[in-house]
Each structure stands twice: as structure tokens, then as C-alpha cells.
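You will see chain A twice below: alongside chain B first, and alongside chain C after that.
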Partner chain A sequence: MSVKPFYKPDVTPGVHGPKPRLARFRDLTLVPVIVLLLVVGAFTDPVFLTGGNISNILQQQASISLLVLAEAMILIAGKFDLSLESTVGTAPAIAVMLVIPAAAGGFGLGLPGALVIPLALLVGAAIGAFNGFLIIRFQLSAFIVTLAMLIIVHGLLLGPTEGKTLFQLPDSILYLGSVTWLGLPAAIWIAGVLFAVGIFVLGYTRAGRSLYAIGGNADAARAAGIRVHRVLFGVFVIGGMLAALAGILETGRLGAIGSNMGVGWIFMVFAAAVIGGVSMDGGKGTILGALTGVLVIGLVQNILTLKGVSGFWQPVVYGAIILIALMISRIAGGKAQD
Partner chain B sequence: MRFHVEARNITKRFGPTTALNNAGIEIAPGQTHALVGRNGAGKSTLVSILTGLQRPDEGEVLFAGEAAPGPADRDAWRRRVACVYQKSTIIPALTVAENLFLNRQGRYVKWRELRSKARDLLATYEVDVDAEALAGDLGVEQRQLVEIARALSFGATFIILDEPTARLDGPAIERLFTRMRALREQGVTMMYISHHLDEVYEICQSVTVFRDARHVMTRPVAELPHDELVSAMTGEATAVAHQTRRRAPGDLVVLEATGLSLRGRYEGVGLSVRAGEVVGLAGSASSGKIGLAETLAGLRKADSGRITVNGRRPKPGDVPAFLAAGLGFVPEDRHHEGFVPLLSVAENSTMPVMRRLGSFGLVSPGRRRTRAKQMIRELDIKTGGPDQPVAELSGGNAQKVVFARALVDDPTALVVMNPTAGVDVKSKQALLGAVEDAVERGAGAVLVSDELDDLRICDRVLVMFHGRIVKDVPRGWTDHELVAVMEGIEQ
Partner chain C sequence: MKIGSLVASAALLTIVTACGTTGGGAPAAGAAGKVGIDHPRADSDFWNSYMKYVDQMATELKVDKLNPTNSQNDVSKLVSNVQALTGQGAKAIVMAPQDTGAIATTLQQLENKKIPVVSVDTRPDKGKVFMVVRADNRAYGTKACEFLGEKLGGKGKVVQLQGALGSINGRDRSEAFAECMKSKFPGITVFSEPTEWEGSKAASMLQTRLEQNPDIKGIYLHAGGVHLAPTLQVLKTKGLLVPPDDPKHVFVVSNDGIPQEFEAIRKGDIDATVSQPADLYAKYALFYAKAATEGKTFKAGPTDHDSTIIELPNGLEDQLPAPLVTKENVDDQKLWGNQVK
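Presenting the complex of A and B:
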């Protein structure tokens, strides 16, 4: 006779023991890559490991990293946003044009200069809200909606400026991107703090965990009482605002808003998020992982520049690095990627 | 309180289709009440109305005589009714602990506390699952237990089980029933949905039958003859007890395996199937029967051993080579490997013979339609026509399309896995009939099934236990005999 106690399932999952603690390290599969890049960088050029260069790398990555933060949240919730890169240029540009006189290329409304940052964030939020409206309320495909919005929003930068670069900017918008706090550029502090907030919110709050639930199985999330539509809408709005903030930091760093600001970033953003372990299918990945993805890309860019690799050849190397990083994290992570 | 749960005069329409037409159900406190009906009878719609996920167009739902809470008040619903849905509502990328307390973590998640609460909850309901395991790593049975524990943890005393046994094997079903009986003793009221009428007789006290979106009857199970229940479901007075057909197997061996081994699945297995013979494969979920069948169909590659189809030796694990050798198969999970949902009935059913429906890589739509129409007629597929996407068909008819794909090339060897999973009584009969028809035309078939009733059409049943074939049982077995061998109780 079989003497098995009835309540014991036949198959044990094979995940008893220390695996859950190991799971935490899944975020860190790119750390060996980062270490490798640091070693390679140090041998490549003595300048590489100096404080100045490292802070330079971080400042360059600060604005793009905010886009990665936004995209990681949207991907985890199971959605998609391509239009973020257009918001980077358009949100600050429109805000600036609302403030500066017509002679400098603005709309001549004469709004106070101090309003420029809130206005830029508002434009970003509005773009995110419009995306959210079309995707969630109108139930359109996130990919196509945001692809169209990528084109439209960039057009909203080109149209009013007629493709000209905006040089005469109010001081307030230049401040964040150029000032130094405690020896480090403010942009690094801002990105650092926002990532810390992101890690906390997605790891330790009910709202953040609901993103994973929605991305993993939206029906189940709804059945569990999560307000799926409201959360997704909020994520798109926050995404737009982060993109606008990225644009503000970038404007301050460059001192001008060119018609190409942000163009082409979205590929790097996706690459960073995905090599950092965020799943394109939703429900998987962490903000910490996405951060390691940003760092890998920043280090590679810096090493290539220090090596004097021609800008025309750099895309080939970026692409190859992304593939190699993917393979390494695939081997370290063990599971097939989707 | 006369009834714990009441749904009165419910009507629900989705566009032009009426999913429920003035239907209702009344469940007495502490009863396990079955809800049965063929696919499309309106069972799933009633479930979503009773759980508050959808609002009826007309009619009302009462819990213990009181009106149901408003649609937005999820927590109030969950305190009154718990549901283990047919589709898993577990989120695979999250841990068991987080799944258990989804959206109840508190504003800030305290992971340590959450894990210990989860462990307590699992212990309370005697669920032997690691709270820190990823839910996606769990087996079907464990996932279901987690869902039951979660459902009950809201304090509901009414629980809906929507086809919980569809993907469980025999012993797991028994364990589920033991658990259900224990819950009933504690006073929990249950609504049980299943396609398996024997389960209704085993575990339920009363039964409600839905047909074509209407309530047909509600009766105590004890005084309801089997035939009457079936005819209430189908609307016909014919008995559906399967007429087993007799036949004389030929001498020609169409499918043979010798010394097959696959690590962790099965070991040293040999079998031979003759033309005109149906050979059953039975065993528990861990017996390796599906792994063996998949190897025989070319879906898997064995570590060692060889397979002969029609005297040919197709390359192991190479499906096209197996098909070319004259084999047809019905995969275990039709949604996974059985059909492409967005493609039409015609394209799905003629997929293996595309090469012969035209030349130079072209496929003649006319010839495809003709061939498909023939299959639709032979298998009696209920469809709007060969151009209808398979996604729009009911479970039973979709499975018939999978059969059409397996049979379209007149295979001489047929491997059929769980053919009747999730299909209604009438389709079941038609599907098993299709296997027998093919065999009468001269094919040899291997039939793997968790359902003893399916295996009745077999000329002999090979019983597997822990990866080995332990017994060859000829026709004429009783359930008890076969189960005893499957469970390893006797040899």
C-alpha cells in the first residue's frame, strides 16, 4: 500500500534552500561585466580611473539613465514606450519657447522664467497622459501608438523652431544641468536619488509591486483588486515626466536645445534595460538591474572615446557589446530570455 | 438562511451572443454543488458574475440572503466568495509569498513579515510549498493549492472551483477531493465545475445543469441516474456510454520501440503496435507516459534506444522525418503545440500536407479548401466554414482540428495524447471514435490518457510506473485493477 500522506504534493519544486537569496543576485549578473570594463578601461588609458573621468561618465549618463528608469517601469508593467526620446527634446523646448521673447525664437507670451522647469515637466506629463489615454482607455497597441507619438512629438519640436537650435535660454533651465553639489554635478545626484527612489518604490511599496503583478498577469492583478488602468496610466505620466527631466538636465549640460536632442536614444535605452534584466514581456526585472545596464553602456562609450575609435565605427562596437552583454547575462542568469 | 448563494434570473449578453438567458443557481449552506454543462453553456459567465468580475445585465446575486456588494468593492466580494479559476491567476514571476498577499502587502512591503505570514498561511491549509519559491516553478497541483489557500485566506466561506481537475492526474485529484471533503466538514460551501461526471457523483451533493445559456435542472446527485444527467446536458435522450468496438489486430507492426531511455523520464522501454490495434499508455503524471509518447511522435529525442515507424527509422527528435514515415500525432496540450489560433481551420488542418496542395512552393487555396472540407465532414467539426480561425472554436471543436491535422495524411501510426482534456461529453465520444475509425482503416494507435474512460477503446493498456512499463493489461479491466497498478500498489 502507498503510505504517502495525502496532503503532500508529488513533486517538490526543487527550489528549497538558498535559491531565493541567490535570486537577489540575478540583478547583479552584469557586475562582472562592469568590473571587466573597469579593468579594460584602466589598462587602456591612465585617465580612465581618475575621478574627473568617472564623474564625466556619470554626468553623461545621467539624463539617459532617467529614460532607462522610465522605460524599465513601463516594461515591467508589460507596456512599451518609444516616444520617450522625443519628449527629451520637445518638453524643454516648448517650455523655453513659452518663456522667452519672440525675438529669441519663443512664442512671446512673456511667462516668468522661473516657470520653465515646471512647464517642461507638465509638457512631459501631458505627453505621457496622452499615450496612456490611447493605450489604456482606447486600447491601442502600445508599440504603434508610441511609434506614432515618437514621430509627432519630435515634429512638435521641429515645427515651432523650424529646425533651429534654441540658444537664448532662461538661467533656471540651465541651473540643474550645470551646477555642482558637494563636488559632483547635480545631474548625478538627481539621477542617483531618483534611482534610489525607484528601487524602493518597485521593491517595497504596494504600488510598485502592483507593476510586477500587472506585467506578469494583468487579469490576475485585476482579480486581486489592483486598479490596473489607473496604475498603468500613472506609469505613463511618470515616464513622460522623467523624460522631460532628462531633457532639462541635458539642456543644462549642453547649454542649448538642438533639434536633434534625444534622437536615437531609445535604442540605447532599450538595450540598457534589457541587458540589465528587464523583460520585454513584462513582469520581470529590477531598477537596480536597469542601472547596471546603463553603467555598462556608459563605460563602453567612454572607453571607445578614450581609445579614439572613430565615431563612424562606434555603432558597430555598441551593437556588439550589447550582444556580448546579453550572452554573458544569459549564461550567468541560466534561463532562456524572452 | 435557506441558501448560502443565490443567483436569480441572470441575463448577460456579449454583443450579439447571449451568454446567460434568465438562468440562476441556488446553493444551500455547506453543500458541494456541481455546475455542469457542455462548452458554451454559460458556466464561465456565471462564475465571473458570482465573483463580481462582471455585472449581469438583468437579475441579482445574493449571499446569505443579502444583496451582493457593488462592482468596485473587490474586498467585499473577496470576503464573500473565493474562486480558483480555470485559468491560473498566479503570477509566475513573483514568489509564492507575494502571490498569496498580492495587493494586500500594506502600503510598504515588509518582506520578512510577508514571508512569515505566507508560511503561516501555507501551514494552516497544510500546503507543502516553499513560500519563497517562484510561483512559475511550481507544478500544476501546487499552484492550485496555493490558489485555494489564497482564496480561503480572505475569510470567504463560499468557494468556486472551476475545472480544478482538468490538468491534474489521478492521485492529485484524489488529494484534492480529500481536501475538499475536509473543507466541507468545516462548513465551507462549494460550487464545483467539471466535465467529469464521475467526479460530480463522487464529491457533490447536488447538481445544476446549464444548456445553451439556460438553467435546465437542479437535482440532488444521489437520486439522479447517470443517463439522465448526460441527456440533460446534451439535450438528447440517447445514452452516451461508449460502445466499444471489437476488432482483430493485424500482424504488421507499424510502430516499434526498443530499449528507449530518457534520463528523468523513462528507462528501458520497449513496445510494439500492430496495424488495427489501439495500445493505451496509463500511469500517473510522474510515470513518464507523456515523455514516452512525445518521443514516439518525434517531439523529443531519447538518450538511447530506437524507434521504427513503418519499417523506417526516422531521425530521433525530428518531427518532419516522423511525419514523412507515416506518423500522425495529437500533442498533449493543444493550445501549446496543437494549432495556430489565428489561422483558419483549413490552414491548421492541412499544415502537414501543404507540400501536396500545389507545386513550386505554392499552396492552392482551392485544393486546401476541398481537403479541409473533407476533414470537417469526416470529423464533424462544428465551424462556420474552413476559413474560420481556430481561436473562435470551442474546446472540443478546436481539438477536432488538431485531430484533422494528425489524420490528414492518413497516417499508418498514430500517437494521441490526452485527447479529451477539457472537452465535453459529446465531443469526447466523437474524438475517440475518430481514433477507432483511423485504426479500422488500418492504422495502429498509441493512446495516452489520464482518463480511464478513454482507455476503454484500447485493445490493451500498458501501465507505466516510475518510468517503466510494469504491466500489459488486456481488454476487459476494471477501474480498480488499472488504478492499483498505476499507483504501484500491485503488479
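Presenting the complex of A and C:
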């Protein structure tokens, strides 16, 4: 489906639509950074470019990338969601507690183990729906609503578990995060497919394009006949579900749900989205760009570990590389960031 | 935007915790004076066990305690909690400052008010303390190093998954482990991974390191509560989770002594853990706090409970024993990890 021409001027000029050729490059301003990191990594350690290491990097970034996907959609629609990071831990934890026996730290309801993934997604969707309800229905500030929700949702993990790590998990929740499909961890396939869907939906469908219209100018979008509230509500619900899925993958990777799972991720998520070209003011950026942002962060982390940079200095190097990536994307993109 | 969010979240958290502390109950008046307790965090298995022991020991030792506060790993919250506790009439304070430098002014103020302080688990850099109750964290690192060094026969490669290097305990364990390896087992290469007590980082860093050095034969986990499950998961996917008599076995020493570590030792998944005595921490913290309100004093030297009190520039420190738990003694009922349900 293509964009309706009459609201096209509100959309980022030329990012998508029927003539994507030159505009495509703007999504890829981080590609030089990625190439540079690949070269640096190759010189740092012979292991770096091996299939095993690359697959590790992708697996390690799979769950946070789903958060970036969610946040990129929400930012493009001109809203904000900080609470995603808390959903990462809370959604799988609540789902697991509904299933496991009381002796293992659960609620003792004894629901079948196969339900744990649908339940986690449901919890994520519910959190997203509640955020959407407060922000859209009551017109509250998205920033403060989701900040409060970040605290509350994390509290909903600490409260029932009393801060204890959940060690005894049903096999069903461990499956996705730890299994290998066709030689690659399933998490990579899942994240890859979801990003492909995201790129397609936001680039080429009416519903996806309407996010840009809403983020660019909500009133104009409404005048153009877009059901702004319904679309935004849907975005928050999908965001919550993606965060829950990220939590499921992370749970499988770690083998337990600690009480601070996901805590502090949101800064990395914003960093990835913004260096990938997504605007904090809404209406600009692409899912592909956000994906390149995640890759940059994953590569930097991997190189720092391989190189064995001292723990005291890693944060400095890490932060500096994010800043440099931001500058390179500014120069390559040629447009002011906001 | 980010600074704004930090400030805003700090502000909101302060409001939330303030509500929590003022909502405390009204304790009965006691002759010896009330003891105010601040817990450092609510998100780790070790500290949650400690909190339970505090309640239990308070009854056993007949300590009249105010409702404990929780500073959630934030020194500014600790400061305001201490003010609230003294406002409620605490005659002694038990705290566990995770930031050992930034607490100095508060200790100074408490000294001026003649309120004795027992510091659990950490040793404040400056400011008067009545007693520090902690196990020797350097000894944890050394014990882990000696165990791994012997198992590996003095050669090969080991990884230590470090805690937060901003905390004295993380630093002590890291440094002692690395120094001991250097002096006693110079043939062993040590990789140090700064995980910040985060499971997610631990899994990624360990996975990457194993990819780079598939011949790693030993791992020291600074905190079993956060590092155990990710480590086992990484070893499992690599096919390295095999019994100790298999040549592919990777020797793992953990740190904390939680029940899950004991379970893993029994199954042969890991080989040892240093049991950090949560029960003794709680018991002696309250013991010294009560003694302080009764006007008792202590001197450096051996104690009646297998520990030694040492002299610090700013007070005394009771260094509690922290046993190494292996397959041989994992079923010892005296270990606190075997007592929690």
C-alpha cells in the first residue's frame, strides 16, 4: 500500500514512498561506523570475525534490539515509553510465578507450563495498554506517565518475588532464548523477522506510515482522517508485547529471572535509537536505522570485552564511542539532530 | 532529556521511599534504647536473606528495633533514612553503606549526636564507627583463587566475573583474586570481566571470552545470586556443563552461599562457593548495636565466635569467618544456605 499523497508533506520529506533511492542512504549513516568497528575488531582479535563470535554478538543484542524496535516505533509516533525496561523483567516473572508451585516462589495456581509465554505477552500488552490509556485517554505527559510506570512495574517484580531470583523456571520459557534453529540461536531469527516486519510495516503500509504522520503533526494527521488515538494505543500495546518478548528471550539466555533484569537498559535503547537516526521529537527515523544503532552498540561491547579493557575505564570508552557514532551519523546524515 | 529523566526519577523515588519510611510502626519503649536499621537493597538474594535474619535475630536477642528502612543502593536515600530513624528516637544505627566514601558526613553527624553506628558488610572510609561487621572480602578472593589454582594444577586460563568496581567488596574480591593468582599461580592467566553485578552482562562477557579462549578451565563468580544462572546457561549451550571427572569440565567457584549454589554443587555443576554468612551478619550487627546502647565497649583481639576484632583508624572491625563450601561439606546444616526455606 502506498501513502496517501495529501498528507505526505507532513512526513519526513523523501524518507520513504515510491522513490526511495537516495533517501535510503539516510537510514544507513551508521554503516561507515559499523564497517570501521568491524575493521577495528578484526585487528583487535582473530576471533572477532568468526561465525561463532558474530552469532554471539547478535544473540546478545537480540532482546535489547526488540526494545529498540518498540521504542523506535513509539518515538516515531511522537510519544515516549520509559517503562519498557521494567516490562522486560516483570512480564516473564509474573507469567512464571503464575505457573510454578509456591515452593519455588510462585503463586501456587498451578497453571500449565505451556501457558507461560502467552501469559508473559499478555502482561506486556496489559502494561502497554495501561500506559496508552493514561497517555491518550487522559492526555497525561508520556514522559512522566511512563517514568512512574517504570518504577511501578519494576516494583511489581520486586513485590511478589520479594527480590529473590526465580531459579526454577518451566522449560517452555527457556526454550526460545536458548534453542538453536538452522545453526543460529532462535533469538536472532525472531529479532530478525520482527525487524523485517517492522521495516515493511513502517515503510510501506498505511498503518505504519500513519505513525510518521502522527509523530510529525498529530492534528494534521487527524484532519487527514487517521484515527490517531487508535493507532497510538496500538503502538503502546505492541511496544509492551515486544518488551515482554525481549524478557522471554533474555530469560532463556540467562536461565533465571533476577530482580534487576532489564534495569538500566532504557538508556542504551535510547542511545541505539537516536544514533540510528530516530528523532526524539517524533516523525523522523526508520526501523532499519534503529537496527544499525543496536548493531553499533553490540559491536562496541564485544570489542571492549575481547580487548579486555579495564572495568574502571570501560564506561568512559563506551560513552565516548556512542558520542562519536552520534557525530559520524550527524556528518554522514548532513542534518541537524534533535 | 536523560538528565531530566534521572532527576525526575530520583525525585519520584525519594517521594516513594519517604512515604515508606514515615509509614513505619510505633515500637514499644525499651530500657536499652531503640535500634534503627537501614537495609542496603531489596534486589539481591543475599540481602533478602539478611533482612529475614535481622527480624529473627532481633526477637532472639531481644533487640528493640524500629521498623527497618531500605536505601535501595542509593547513598542519598541512606542519608535521609538515617535522619528519619534518628528522628524516631534510634539510639544506635545499623547500616550497610554500599558507597563507603559518601557516608562520611552522616557518620560525623551521628558521632556528634553520640549515636553509635554498626556498619554491616562494608567499611566506611572515614567517620567514626562503633563496629564494622563483615567477612574479609579479600579472603573470599584468595580462597577462590587457591581452590581454582589447585584444581587447575597451576596452569591454564581463568575468568573472574567481577561485581561493581565502585563497591569495596567488588574491588576487594577482584584484587585479592588477581594478586593471589599472580603470586601463587603465575602460570594461570586471569581475565577480569566487569559485570556490575548484572546477569545480562555476565552472560555476554563470559560467552565472548569463551569464544575467544575455548581453553578456559576455571571461573570465579563474585556473586552467585546474579552470576550463577547465566554462567550455567552459557556453559550448557557450549556443552561444557559436564561432571568434574570429565576432561572438558570447567571449574566454577561461586560466592555468597545461597541455596541454589548448594544445589549446583550437589549436582556437580559447580565445584565450590564461599559462604558469606548472612545469619552472622544479622546476628552480630544487632548484638553490637544492642551492646552499644547498653554502653559496652570492645577491644581488638579474638572473640568467642571464631572471629577476630581488628583495629581500624575510625573504629573496630569484627571479621567473621566465611567458609569455603565444596561437595564434602555442602550438607552441613550450620551453613545458612541450608537453613533458609
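A few points about this structure:
Just so it is clear, the second predicted complex is superposed on the first by the 316 of 338 C-alpha atoms of A that agree within 3 Å, B and C clash if a C-alpha of one lies under 4 Å from a C-alpha of the other, contacts with A are read in each partner's own complex, and residues count from 1 in each chain.
We take it that a contact is a pair of C-beta atoms (placed from the backbone, for glycine too) under 8 Å apart; a residue touches a chain by one contact, two chains touch by 3 or more.
Here the structure is a predicted model, which is why all the values come from computation and not from measurement.
Looking at the shared chain after the overlay, A:Ser178 reaches chain C, while chain B stays out of its contact range.
After overlaying the two complexes on the shared chain, residue contacts for A:Leu211 are found with neither chain B nor chain C. Touch criterion met: A:Asp219 reaches chain B, while chain C stays clear of it.
Applying the stated contact rule after C-alpha superposition, one finds that A:Gly203 touches chain B and leaves chain C untouched. When both complexes are overlaid on chain A, the residue A:Ile74 reaches neither chain B nor chain C.
Applying the stated contact rule after C-alpha superposition, one finds that A:Gln60 touches chain C and leaves chain B untouched.
Contacts of A:Gly283 after superposition on the shared chain: chain B is touched, whereas chain C is not. Looking at the complex, you find that chain C touches chain A at residues 1-2, 5, 8-9, 12-13, 16, 41-45, 47-48, 162, 165, 191-194, 198-200, 203-205, 207-209, 211-212, 225-226, 228-230, 232-233, 236-237, 260.
On the chain A side of its complex with chain C, the touching residues are 45, 47, 50, 52-53, 56-57, 59-60, 82, 143-144, 147-148, 150-151, 158, 162-165, 167, 178, 250, 253-256, 258-261, 264, 267, 270, 280, 301-302, 305-306, 308, 310-312, 314.
Of all residues in chain A, those touching chain B in their complex are 1-2, 6-16, 19-20, 23, 203-207, 209-210, 212-213, 215-217, 219-226, 279, 283-284.
The residues of chain B lying in touch with chain A in their complex are 51, 53, 74-75, 78, 85, 87-95, 98, 102-103, 105-109, 111, 126-130, 132-134, 137-139, 141-142, 145, 171-172, 174-175, 178-179, 284-286, 487-489.
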